[in-house]
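You will see two complexes here that share chain A, one where it goes with chain B and one where it goes with chain C.
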Partner chain A sequence: MDVVQIVAIGLMATVLIGVLKSQRPELAVLLSVAAGVILFLLVLGKIGSIVGVITDLSNRAGISMVYLGTIMKIIGIAYIAEFGAQICRDAGAGAVATKIEFAAKILIMVLAVPIVVAVLQSLLKLLGEAG
Partner chain B sequence: MGSSIDLIFKIAGVGILVAVLNAILKHAGKEEQGHIVTLAGLAIVFMWVIQLLATLFEQVKSVFRLF
Partner chain C sequence: MEVIRNLVQSLVIIIILAMFLEMLLPAGQMRAYVKMVMGLLVIIAVIQAVGSMARWSFEEIPALVAGTGDGGGQLPEILEAGKRISARQQELGIEQYRQGLAQQVTALVKLNQGLPLLDVEVSVESDSGSPDFGQVKEIILTVSDNPKQTSPAPGGTEPVEEVSPVTVQIGSSETPEREEAVPPQAAAGIVDVLTNFYNIQPEQVIIIYR
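This part shows the complex of A and B:
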């Protein structure tokens, strides 16, 4: 999947969106959603292999799966939220976009709290021994 | 891979078809049928896009091990 095909699809979709925007603005929004999804599906396979390599390296390095799993989840949540927020902003619903981003930040915070607690606990244990 | 590109053309085709049909129906004086045609086109495109979104979220869930 070379970059030329991706750019071609993107440009074509943009032109078609321009055509549709004047008569049927709602279909233009749907077309931009479809184009965004298609472009991402094209590279999702490569992202999957990268994630596989990262998990292999971390297993070999002995990093526990919990931390890596959380990081992957956070990346996934961030991506989907960004995808939705960008489409809402394109369609003109800026308020909805900011609400989506706000909710995504909360979800990511919820995921990050256990890790922060673990770090603090290990820090306190360290201080406890040194103190 | 190829099928996904056709979807972009299908959606654009439905949009243009609906616009043309509306113009014809307006000319023929049947304005309200035009709105029904618009809704039909919108429903069809919505179905395609929702199927596409379902596959996207399914694959993202499997790749990023969400849920």
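This part shows the complex of A and C:
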């Protein structure tokens, strides 16, 4: 059972971080990062099947793969930013966490610009045809 | 119908995709931003699906009207084809109306008077520009001289005229009187019924004896 392994790794990391936090706070942060990376690698192989289903659905719906790729990138940016911001908060650097989130929001907006433009173009085209 | 089916199919897939992607979203502050971009994606997909249906409508309807199938008809041709189809439909409608009236007259004659009716012909005003469009112009009833001869039933065989019994009288020179074909009261009565029923003048009902 993968979930048992994941929960076990998470619990061990939590106990170790609790012990190290009082003795060696810098190592506690490193341990937190390592636990996060291990958990991510454990589920990395299963993400492929999810992406396959999403790609199939988008093909059926006639959605361009460019838009789907953008959405995937945005979801990835959001996860990585959340991951980094949480680690920063755990380390007591709340200000840095806020900056990471801000940067992630800007990046998401930049990636969303082509989609916004496509929505506008589609709406204008549809209104032009109807008129 | 096929286009609507495809549109509904696309919308269902888009909704499922949106739900699937929403489950992947992170739980923190980034969720709202990603959700907004995903909403835009769903809007694009829906607009594309609706737009494809709109394009189909604009391209296919002229082809259907013009009957060419290539969809490249010009507007005057399309309008001309529309007028032709409209005139044809009107002609068919008037013909159906005329046949219905003839059946009504047949039923009225048979029910009320029992005339030996052979045929009914109804003519109506077919000029759409006339104020009397659709009104009954003339009703021509063809009746038999012989009261026992009636029109054949639909799908039936031709009626056979009955032969009157032959009597041989020796030593008598009197010839028997010929039976009156249709009593004039009956003809006047059916004219009265039809004029009242269809609000027409008695001159518009013509009875032909055959």
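Just so we're on the same page, the second predicted complex is superposed on the first by the 128 of 131 C-alpha atoms of A that agree within 3 Å, B and C clash if a C-alpha of one lies under 4 Å from a C-alpha of the other, contacts with A are read in each partner's own complex, and residues count from 1 in each chain.
To be clear about the criterion, a contact is a pair of C-beta atoms (placed from the backbone, for glycine too) under 8 Å apart; a residue touches a chain by one contact, two chains touch by 3 or more.
Keep in mind the model is a prediction, meaning the values are calculated, not measured.
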item	value
Partner chain(s) touched by A:I38 [first = chain B, second = chain C, both, neither]	first
Contacts of A:M12 with chain B and chain C, given as first, second, both or neither	first
Which superposed partner A:I75 touches (first chain B, second chain C, both, neither)	both
Which of chain B and chain C A:A95 touches, first, second, both or neither	neither
Touching partner for A:V117 - first (chain B), second (chain C), both, neither	neither
Contacts of A:A85 with chain B and chain C, given as first, second, both or neither	second
First, second, both or neither for A:E26, with chain B first and chain C second	first
Chain B versus chain C as contact partner of A:I108, first or second or both or neither	second
Interface residues of chain A shared between complexes with chain B and chain C	75, 77, 79
Touch list for chain A against partner chain C, complex	50, 53-54, 57-58, 60-63, 67-68, 70-71, 74-75, 77-79, 81-82, 85-86, 101, 104-105, 108-109, 111-112, 115-116, 118-119, 122-123, 125-126, 129-130
Touching residues on chain B, where the partner in the complex is chain A	1, 4-5, 7-9, 11-12, 14-16, 18-19, 22, 38, 41-42, 45-46, 48-49, 52-53, 55-57, 59-66
Residue ranges of chain C touching chain A (in the complex, touch as defined)	10, 13-14, 16-17, 20-21, 24-31, 33-34, 36-38, 40-41, 43-45, 47-52, 54-55, 58
Complex contact set, residues of chain A against chain B	1, 9, 12-13, 16, 19-20, 23-24, 26-28, 30-31, 33-35, 37-38, 40-42, 44, 47-48, 51, 69, 72-73, 75-77, 79-80
